[in-house]
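Below you'll find the structures, each written out as structure tokens.
Below, subunit A partners subunit B and then partners subunit C, in two separate complexes.
Right after this comes the complex of A and B.
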């Protein structure tokens, strides 16, 4: 008799613990931490590639103290079967190189329309003081072009999914067409 | 006999000269190692630095003393002459080890201001 009196209380406790156990909470994480939520291309891959490639460029003959060559960046071509925001890779590489202060970047193909639009806007003497407005015809062309691609090989069976990424970047001398620097990095991820 | 002594002396000189001009790796100025969290069965055996064209390069030999394979994560904190952190913290990078493997992790400073580095490793 006494035991049955506890039934509602036990049931209530069970329901509460299920609700508490199922509820999700939000927390802040480390943006630089190793991310392994899924096997797809993630933030850790992006950060590792950008860092490794940037550091490799820093040790290349391209970079000489005090010279600061002009580079234009082209998007990394995505040759994988998944969607990867490759602009994110080039942006990260450019940002890290710019932070290092060893190279300078000129307007790339994607930003050219905005650059021309701004020059056109400043050329309007109705609104802009022409003595200090940026004149047309003084943009400086890059000496080097950075380009690259990312490829992947995906293998899977009923138990394992294996993804291999290879990123290759190159820097070309625009005037001579000489390949001045090239490097590649690999990433293997396994989902078991 | 005299000639042999001279030969030994000269080869000794050549050996010393080659050591000093080969850009041999040196111990990093401070080269701190930080083991984060409850990390066990891993040992940093050696940490050496070399400065080439003014950019610091670092080599860290890490041993997985465990009998099984594992993935660890590492990063470097690059420090300037005053011992202050340069720029943002690096991203943690995963590194795979086979059982009992010794791996050399290499990295290059993000700019010319780095004079030392701290190596951080975690599970």
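Right after this comes the complex of A and C.
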């Protein structure tokens, strides 16, 4: 009889332990910490690519000569079957380069519509003082364009999934069509 | 001892009454019968009546299913706000499932009721392909409401949902393999089961039961129109990987850059037509005789499993637009095959639960026989076991049976679209306008439902 009297208590303890065991807490993580939640392209891959490429550009003759070249950024073409927002890569590279102050960027193709819209808006003399409004026809074209692509090779069997990424970036002289800089970086991830 | 026997009898009688009461409830009625008024009104073009008929269906344990079906009716009616409202309620339930699935592979443990009574007593959680289709439907609704940012969010949720399902099913397979120590039954052990309905090249050619080419092609289309080629390209590629033959002729990743550089002032419209027809296949309950026990104690126990009828002959479906070379692929999503594949993948767990349930029912009957020498109680429990033994035949029935798509740059203006589905045909005047346009056509019975939206 004594043993059966403990049953409700044991059952209650089990329920409580399950609830406590299942409860989740929220915490802040290090945005630069290595993320390996899944094998898909993630924040660590993006940061690694952006850092390596930025470092490479900063040590290239293009920048070292101190001419503060004007660059426009084009999309990094995604040649994989994975939904990778490659603007995240080019945005990070552009931000790091701009922060270094050794290169300057001009409006890229994606932002052109907004730039034109703003110039049109300021051209309206009903609302804007035309003496200080940004005039049309004074935008400066880029001397170089940054572009590239990301490819992947995925192999899988019942035990292992292997994903290999290769990112290639180039800077082209727009006037001459000369390739002024190019570099590539590789990432391999294995899920076992 | 007499008191104990009386108490035991009381418990058994209570179980019996509970079980017999269930015979009158929805867990024992065929889902197809419950939905017959709705599907009939739908095929007659009377959506108001279909929605009214659907309103009579209880939504207690089937909240997800109720809202999936209701959303479909409002969607066809062109009432996007109501459709979205219903589907977002359904989506909330699926999102809760996703949260659990992300954390806990023991989600495979099912409701106790499914072991004691039948699988229909379980709260409906939806098949994986239904969860993905729901996300695609929500994205389509946002598009119809001209809300591109929300459509993009819904598209992204579709990818994330597929990833959660893939991860969960992988862990679930490992979990089940680790747990299974006894004999694994397969459909071959049950000669009464129409196993051939789950075996065809259409079914085995599917990569899995849940990924569909439309959701990825739609992702490509939306990202492309938003000027995001790095996300559009993988959408088209994934769609082509899933249905290489069907999507080979349609605009995709190869010509993406050409389309992206199209002048914004040209007089053509990027027209995407989604042509759906029919209804998702009907599931039914099949009885399988299972031998439990050995020697003189061996008993045949009725065990039910869900099954589909033999697949219908594929109807010839066509779509052409006069004075244009609109390319149409009729076989982009085969929900009939996906439904069968989902059931095939689920069969091992259905069989395991059925065997366990049969064992419980036999044990209850034997125990009742011991308590009641007349055999009356055991007989009643056995009868209740037979009556309540029904397989789960629920599914999102108002989904189409098949989905095809057509896409082309079309010069703006009024165009005539010719549609064909089996012996039925329909002609539709369409004003092709805007930079891009989405035209949705659904054929059910003799009815053709049309939704469309243009973007500048």
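Convention: the second predicted complex is superposed on the first by the 190 of 192 C-alpha atoms of A that agree within 3 Å, B and C clash if a C-alpha of one lies under 4 Å from a C-alpha of the other, contacts with A are read in each partner's own complex, and residues count from 1 in each chain.
One rule holds in what follows: a residue touches a chain if its C-beta (ideal position, glycine included) is under 8 Å from a C-beta of that chain, and two chains touch if they have at least 3 such contacts.
Since the model is a prediction, treat every value here as computed from it, not as a measurement.
For the composite obtained by superposing both complexes on subunit A, the positions of subunit B and subunit C are free of clash and fit together.
Across the overlaid pair of complexes, the angle with its corner at the CA centre of subunit A and arms to subunit B and subunit C is 130°, in steps of 10. When both complexes are overlaid on chain A, the residue A:51 reaches subunit B alone and has no touch with subunit C. Of the two partner chains, neither subunit B nor subunit C is touched by A:28. By the touch criterion stated above, A:127 is placed in contact with neither subunit B nor subunit C.
Which of subunit B and subunit C touches more residues of subunit A is settled by the count: it is B.
Contact with subunit C, but none with subunit B, is seen for A:110 once the two complexes are overlaid on the shared chain. When the shared chain is aligned, subunit B comes close enough to touch A:101, but subunit C does not.
By the document's definition of touching, of the two partners only subunit C reaches A:81; subunit B does not.
Between subunit B and subunit C, the minimal CA-CA distance in the chain A superposition rounds to 23 Å. Residue overlap on subunit A between its contacts with subunit B in one complex and with subunit C in the other: absent.
Put simply, subunit A touches subunit C in their complex at residues 22, 24, 38, 40, 75-87, 110. Subunit A makes touch with subunit B in their complex at residues 30, 32-34, 43-44, 47-48, 51, 54-56, 58-59, 63-65, 96, 99-102, 188.
Chain contact summary for the complex, subunit B toward subunit A: residues 52-55, 57, 73, 75, 87, 89-94, 96, 107-112. Interface residues of subunit C, counted against subunit A in their complex, comprise 103-104, 156, 159, 163, 167, 219, 227-231, 233-235, 237-238, 241.
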